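Chain IDs A, B, C and D follow the sequence of writing; residue 1 opens each chain.
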Amino acid sequence: MLLIIANVTAVIATTVDTIYEPYARLFRAFEIFSVAVFTIEYAARVWSAVEADKYSGAIVGRLRFASRPLLIVDLLAIAPFYIAITGIGFDLRFLRALRLIRLFRLLKLARYSTAMRTFGWVLEDRKEKLVIAVFANGLLLVVASSVMYFIESGAQPEEFSSIPATMWWGVAALTTVGYGDMYPVTMPGQFIGAITAILGIGMFALPASILAAGFMEAAENELDERKQCPHCGEPVTVEGLDDVE
Amino acid sequence: MLLIIANVTAVIATTVDTIYEPYARLFRAFEIFSVAVFTIEYAARVWSAVEADKYSGAIVGRLRFASRPLLIVDLLAIAPFYIAITGIGFDLRFLRALRLIRLFRLLKLARYSTAMRTFGWVLEDRKEKLVIAVFANGLLLVVASSVMYFIESGAQPEEFSSIPATMWWGVAALTTVGYGDMYPVTMPGQFIGAITAILGIGMFALPASILAAGFMEAAENELDERKQCPHCGEPVTVEGLDDVE
Amino acid sequence: MLLIIANVTAVIATTVDTIYEPYARLFRAFEIFSVAVFTIEYAARVWSAVEADKYSGAIVGRLRFASRPLLIVDLLAIAPFYIAITGIGFDLRFLRALRLIRLFRLLKLARYSTAMRTFGWVLEDRKEKLVIAVFANGLLLVVASSVMYFIESGAQPEEFSSIPATMWWGVAALTTVGYGDMYPVTMPGQFIGAITAILGIGMFALPASILAAGFMEAAENELDERKQCPHCGEPVTVEGLDDVE
Amino acid sequence: MLLIIANVTAVIATTVDTIYEPYARLFRAFEIFSVAVFTIEYAARVWSAVEADKYSGAIVGRLRFASRPLLIVDLLAIAPFYIAITGIGFDLRFLRALRLIRLFRLLKLARYSTAMRTFGWVLEDRKEKLVIAVFANGLLLVVASSVMYFIESGAQPEEFSSIPATMWWGVAALTTVGYGDMYPVTMPGQFIGAITAILGIGMFALPASILAAGFMEAAENELDERKQCPHCGEPVTVEGLDDVE
């Protein structure tokens, strides 16, 4: 885990010229070292996969094992290095994107985190409501941006040049970020902008509320399981979680 | 449903010149095709309305059916096309607004969504509290903007030119959007601005909290109904929902 | 109530020159009319006060009645008009502030609203927690602004000229308004700014959460009162609310 | 307590030139007075420490007592004054930082506040979830800033000069502060920026929600303890809190 975090820190530090240039050799050495460690780890995992019954067969079993999501992440974390060595013909832009992929190493952390499962479980449990909330927000964004485009494009044809361009304003207004690079200047535009910002607070906070409600209910379920019926002294169960006879 | 989403995407894409111009003919063809489909759907609905007892009478029944909200949305979705064909004398601005109305097609989606009823139900259930919260926020907006106008109009007569103009600042401050086009520069103005922003977080988040509380209570009610004493086998009931003898 | 809202609208409209100037006479007439109505209402209230036993005594009772908060608001709503007529020597700035006081008429609405009592009750119930949250936020504001002043005043002596001036930035950062008129440019300043913004979300949202929790508990209490003990079939009460024997 | 608040106010006022210069002598006198009070208080505390059995030994016991966190805060609150007097060779910048340390006196307030313990208790109780939320937010910040850097550094090499520099944008976007000094201008950059802002609302609000949930549960526990069956007179207990037979 520490190696992963050190790696990500290195990728970030690499982009700062004043830090990178004096220590370029050091960064390169660390990169080679960590790729070596990750490669050995990856090779060991794939090699030992055949010992499990599920992945029998010297080559087929290993390939099937290697196609699991977490293994692909592992491969993506080391692949850029090998491509960068072999691929002489690639242009600079592509190499930079490759370096970005090294950040996938951060996702390897997920392998170690068991507590994130609770988050995943809440996401799963509230999926339906979240989809509705996201859909409603998308609808709001499209409608607000379209209305704003038709109102403001006359006064500011440069900024509000099309509906997709206006959507950048729409997201900034609905999420209340408000960068200040685009804003309505006409009276009706400001009126629509005000309505949009007010709706944004209510609507864009909903997914966060739904998640929060999920976490709270999970905590409450734990409490409920400890509740007792005052008469029989036996715990009051919630059907479906543990069914008594 | 897919046709509706494709239509809205097309309306949005039409406003981007670089996308629209090379494919103008394609967009026109797609527009004619979808209006044709929607027209047939609309005609079929109105035609078959008389088969229900509620809307008897060849013409009167159909007209009464056509005046229902969803049917009017359906009509609004196709009307702009026919008006644009016939109306030669309209100016460009009006035609653009008509194109906007085509976005009403998005509202046709509501016809298919059953999950949105939960949202509507929560809105209905919390109506009274929401009205109070909205009223309190309106009061806060009027008072904050008025005070700010009287303080800042001296230092920045251009920006804070009137109370309605200052309200644009008020909404940006209370919703914490903060575009940065208007902000107080005097010491008392900044003091009022600070108070406004702090109140804004507490007050403008209330409607969102009320909605969130509504959703959570709805989820909790569902759980309560499933609660049971395992010994006696009788539910721990909530009076009014199911009454035990 | 309608008269009050019409009055406030008139005060707001008066500040817009393009609306005010053509109809100056109309606004003046409406002002005289509403002051007349409010004066009669105020006089009637004070006059009839002696009929209640609490306020006996022709003059003393009426004066005691007139010193109640709501009656003072009533007086403040009409006083500016009479002062403006008599006071010839006042300067323009003072007259403008007087006009602002007319907005106090909006507070007269509180007299009619019964639903706002719930809000007041929740405020009362959570007073202690709210005070702590507000105190903690004040502490955070002072500390964040002071640290930022000592870091940034070197790089931007104009903007971050003193701790109180930096507090304007602090409020904008903690409330996430972010006008963009003041922001750190040095690396340590941006680091502190980032920490401040992140803490701001957690801390400044607390009062809103506390209020929201209060509203939810109020709704839950209502539900609890309807809960039953499964054995005896009698309601499960919450001690202190209604004590049985 | 009043002295502490007066002190902090004085430190803040000192930074405002227009307030400080005319009253420089007064500020200096107040500073000497409060340092004297705090020094006496500190000396008395350390002196009387040996009376407790825990800190026996004339010098060793007092030193061990003096190394407790609250005592160190007390020392830090007065130390700058003595260093400023003796240290003639220090430069101005260092002296200013020393004055900042005087703000530590504010932390002395924590000694008196008992209500803050509830906050500390909730923090302790939710520690695990908070750590996960903070970790997830850190991950989101790193990923969003890295992606944005690789997309926008081509179009705006000045602003988006490195990943750490882009993180300043990342924090402003995720916390929805949005100063407006850095924002994406390319289409893909704006798309990533929109996604970031939307995720920011959901993710950065989580710690606040977790804290809020903690406060609410604490309040609910209090209520549950008071719940009672009116017939049997026995409490509807929550196991683990009070166990019935």
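What we mean here is this: contacts are C-beta pairs under 8 Å (C-beta built on N, C-alpha and C of every residue); 3 or more make two chains touch, one makes a residue touch a chain.
From a predicted model like this one, the values you see are computed outputs, not experimental measurements.
Hopping across touching chains, the smallest step count from chain A to chain C is 1. Between chain A and chain B, two chains of identical sequence, the interface residue sets overlap only in part, with shared numbers making up under half of the total. With B-D and C-D as the two chain pairs, more C-beta contacts join C-D. Copies chain B and chain C of the same sequence differ by a rotation of 90 degrees once their CA atoms are superposed, given in steps of 5. Once the centre of each chain is set as its mean CA position, chain C and chain D turn out to be 28 Å apart. Inter-chain centre distance (chain B to chain D, centres taken as mean C-alpha positions): 40 Å.
Of all residues in chain A, those that touch two or more other chains are 164, 172, 176-180, 205, 209, 212, 216, 229-231, 235. By the touch criterion given at the top, residues 128-129, 132, 136, 139, 142-143, 146-147, 149-150, 154, 161-165, 172-173, 176-180, 183, 187, 190, 193-194, 197-198, 200-202, 205-206, 209-210, 212-213, 216-217, 224, 229, 231-232, 234-240, 244-245 of chain C touch chain D in their complex. Remark: chain A residues 8, 11-12, 15-17, 93, 96-97, 100, 103, 106, 109, 113, 115-116, 118-119, 137, 164, 167-168, 171-172, 175-181, 204-205, 207-209, 211-212, 215-216, 219-220, 223, 226-228, 230-231, 233, 235 touch chain D in the complex.
Only residues 176-180, 229-231 of chain A touch chain C when the two sit together in their complex.
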